[in-house]
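Each of the two complexes below includes chain A, the first together with chain B, the second together with chain C.
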Partner chain A sequence: MSFWRQAGEFARRDLIAERRANEIVAIVVPFGAVALMTLPLALGIDSAVIARVGPAMFWVVTLLFAMQIALRHSAGDAPTHRRMISLLGVDPLARLAGRTVASSILLVAFMTVMFPLMVLFYNPELPPLWPLALIPAVLAAIGLAEIGTLAAEVTAGLRARSTLAPLLVAPLAIPLLIGGSQAMESLSRGGGILPWVLLVTATDLALAVTAAVIARPLEEASR
Partner chain B sequence: MDVLFQVFRMDSGRRRHLSPGDELASGPQALDTRWVTIVELRDISVQIGATLVLDGIDLSVPAGTRLGVIGPNGAGKTTLLGVVSTLLTPTRGNGVVLGARLGAEQETRRVRPLIAASGHEPALYDDLTLDENLRHVAVLAGLAADDARAALGAVGLGAAADRRASHCSNGMRRRADLARLWMCRPRLVLLDEAHAGLDSDAVAIVDAITDRAVSDGGAAIMVSHDSTLLGGRVDRLVAIRDGRITP
Partner chain C sequence: MNRIRVLMTLAGLALAVGLFFALRAPIDAFQGAYSRIMHVHVPTAWLAFLAFGVTAVGSIGWRLRKTRRWDRLAAASAELGVLFTALALITGSLWGGGVWGTYWDWGDARMATTALMFFVYVGYLALRGASPDRETAAARSSILGIVAVVQVPLVYFSVNLFRSLHQGQSIRPDGATMPTEMLVAMLVNVAAFTVIYIALLIVRMSVLKLEEQTAPVPTAAGAAVQPPQLGKALDD
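For the complex of A and B:
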């Protein structure tokens, strides 16, 4: 059975489970919206400052909820599931790839809801070519999904996983945050997005290579 | 040649000795092989932390055998199944399962699809329906997705196929897990306390699964803390206590 068929099946399963549990819509999106709404209230009436921090807040909220999404997916994997999957002879990298695809889709959906809310609450000055910033944004979402999936795998079965996973994610996500947020900033100044797209793409690729290298040892360690 | 590796293979009516690694690394044909000795363990020990969970286990399971392993809680039964499933590498000793040497990752990976295990905790995803759970397994196992519904029908869960696993009783969940074993048609069936808490119909399903594995030229290993649950269902019964096979 092909690698991509296996990966697609894992992504399908995660998305079905998400649709049933409805946690993204019922819990994560409202929390994200509240988080976005709270900062302008805390900053007061300085609209210039609010407009300036809006895109940065969007990325911070996205990062936080990327972790939530990835950890929630892996939380459903009991040792019995892992043993069953291992006995089926599934490529461990296919499982990680499928999980990353599902998390990426959910994260892009989350960002699609959060971005208009950010514009509504912060009223930032969007550059005319702002849609171009979607390219690094989607690439950053994939990268965040990769990091979240890896962090969830590394900490699987650990009692302190809820604490450890964010500590692993935060430093690895820095290039993605910089790339995603600075692309918009660069467009505002009339610059291009290519360097930021390259930064995010290189990070995504480095994470994919890391996943390919450690997928099997991680699977063996988690049995 | 080490007795451990004097495993016979029946291939197109021929039998011959198999040497360590012989043809096993050469392709998926090993999956089509009919093994005469399904499991061969020699001096297997497993240490977890400071605890010696298995201590010098010798065990041979020929093809066509239903082996029962009884022992009290904490005797090492589940760990033994973990070793036989090839997912747990022993700390000491040698073993061959379906021709794959324990600890030889390339070999064990190739034979794992021929092994299926079921325990007291069904391997079901709560958010998926029973049908979706089995379809997931079917697709990953390279089977037709429609096999899932047929397998659920075979264990009497056809009408509950679209019910979420979290909304099913424990008995139904156990049956769905058995449907997975029925669908995958493993050569080596590993059952961990699989009979406990099952009604007579479900026990008949367990029997059908082990019977089919045996008639396919495979074997079944069933562990239980209660020998009465295995009575009449096994060809051979061994006892395990404190990590050792006892007479």
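For the complex of A and C:
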């Protein structure tokens, strides 16, 4: 089986497991919506400030909940399962790639629900060309899925995993956060999105190269 | 024990010499006495970079040799790196409060990237602490130790790459941007702090080794089950 077939199978299996467990739709999305609601409630009724911070809050929620998606239980392999996959000679990078693809799809779906909710709750002034900001947004989602997958692998089987992985990811994901959020800011000022697209793409590529280099040691370490 | 005493004495002497030069150095005409903070800030920032570099070397060494010594080097150096990064952030913030009029500026790329580097290595130490045994801790943290060192050049060159309040490099190929007396005092302090780092590193590695030697060895099936003594059985 080729590398891409293996990766595709892992992604398909992850998405099937997620459909059965329904973890994202039933738990993560409602929790994300509640998180989006907390800031306006805490700020009070200053609608100008709320409108100003809306897009930033969307990105903060996306960053934090990307970890929930990458670490979801339905994506967790039991140690015996991991050993079996390893003994079968499956390429560890294909497993990481498959998991990243599945997490990217779920994260884009999460963002698709959160963005209209953010517009509803915060009423920000969107620039006329705001759909262009979807390009860096999707690229940032891929990057967050990549980094989340790596953190999930590094912390696999640890008791403190759910808190440790976000601690590892949040500082490293800042270029994605900046690229994703500043694209909308730039459009609001009449600027372009190319520098931000390049920043996020470069981060995605750096993460992909890192994953390719550390996939095998990571598999050995997380056994 | 004698070796530790000698090392700590050396570190104390280095600190005293560094302090002497820092207090004797002329102060900057614009910054006033705040410029003396630089004699601590610059060495601690340099040691943060050095410590994380040594962590990466230790991590690579562990991956190649799988011996405990390399892992102890990586762990001890990361702990000291976090300590010196925290000191660099605190002293930089105090200096900024006096000279820039603000303790923290989000527009300063060096500040922001240093803070991010600090949190990545806090995560590194948390990963080590959360691992159930030494081998797991070494195997997983060595990967992070190698990957995370990429930040060091990013932090160092951030003043050139991004618009920043922070001043650029003071020592350049075309010469230094400060008077010789100040430069000498700073270099003496860099050397003194490096001696302190080496002393603390060796002491911490010794403590980690002692911890490993005194830690109870886990048994696979409880203390009641003894491994078979085949050699003895054959002798009988």
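The criterion applied here is as follows: the second predicted complex is superposed on the first by the 220 of 223 C-alpha atoms of A that agree within 3 Å, B and C clash if a C-alpha of one lies under 4 Å from a C-alpha of the other, contacts with A are read in each partner's own complex, and residues count from 1 in each chain.
Please note the rule applied: contacts are C-beta pairs under 8 Å (C-beta built on N, C-alpha and C of every residue); 3 or more make two chains touch, one makes a residue touch a chain.
The structure displayed is predicted, hence computed values, not measured ones.
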With both complexes overlaid on chain A, does A:Arg189 touch chain B (first), chain C (second), both or neither? neither
Applying the touch criterion given at the start, work out whether A:Arg5 contacts chain B, chain C, both or neither, answering first, second, both or neither. first
Is A:Ala17 in contact with chain B, with chain C, with both, or with neither (first, second, both, neither)? first
Check whether A:Pro217 is in contact with chain B, with chain C, with both or with neither, and answer first, second, both or neither. second
Of the two partner chains, chain B (first) and chain C (second), which one does A:Leu158 touch, if any: first, second, both, or neither? second
Which partner does A:Pro171 contact after superposing on A: first (chain B), second (chain C), both, neither? second
Which chain A residues contact chain B in one complex and chain C in the other? 220
Please name which positions on chain B make contact with chain A in the complex. 85, 87-88, 105, 109-110, 112-113, 115-117, 119, 121-123, 125-128, 132, 136-137, 139-142, 164, 180, 184
In their shared complex, chain B is touched by residues of chain A numbered 1, 5-6, 9, 13, 16-17, 20-21, 76, 78, 80-81, 83-90, 220, 223
Name, in rising order, each residue of chain A that touches chain C in their complex. 154-155, 158-161, 164, 167-168, 170-172, 174, 210, 214, 217-218, 220-222
In the complex formed with chain A, which residues of chain C make contact? 63, 116-117, 119-120, 122-123, 126-127, 130-132, 136, 139-140, 142-144, 146-147
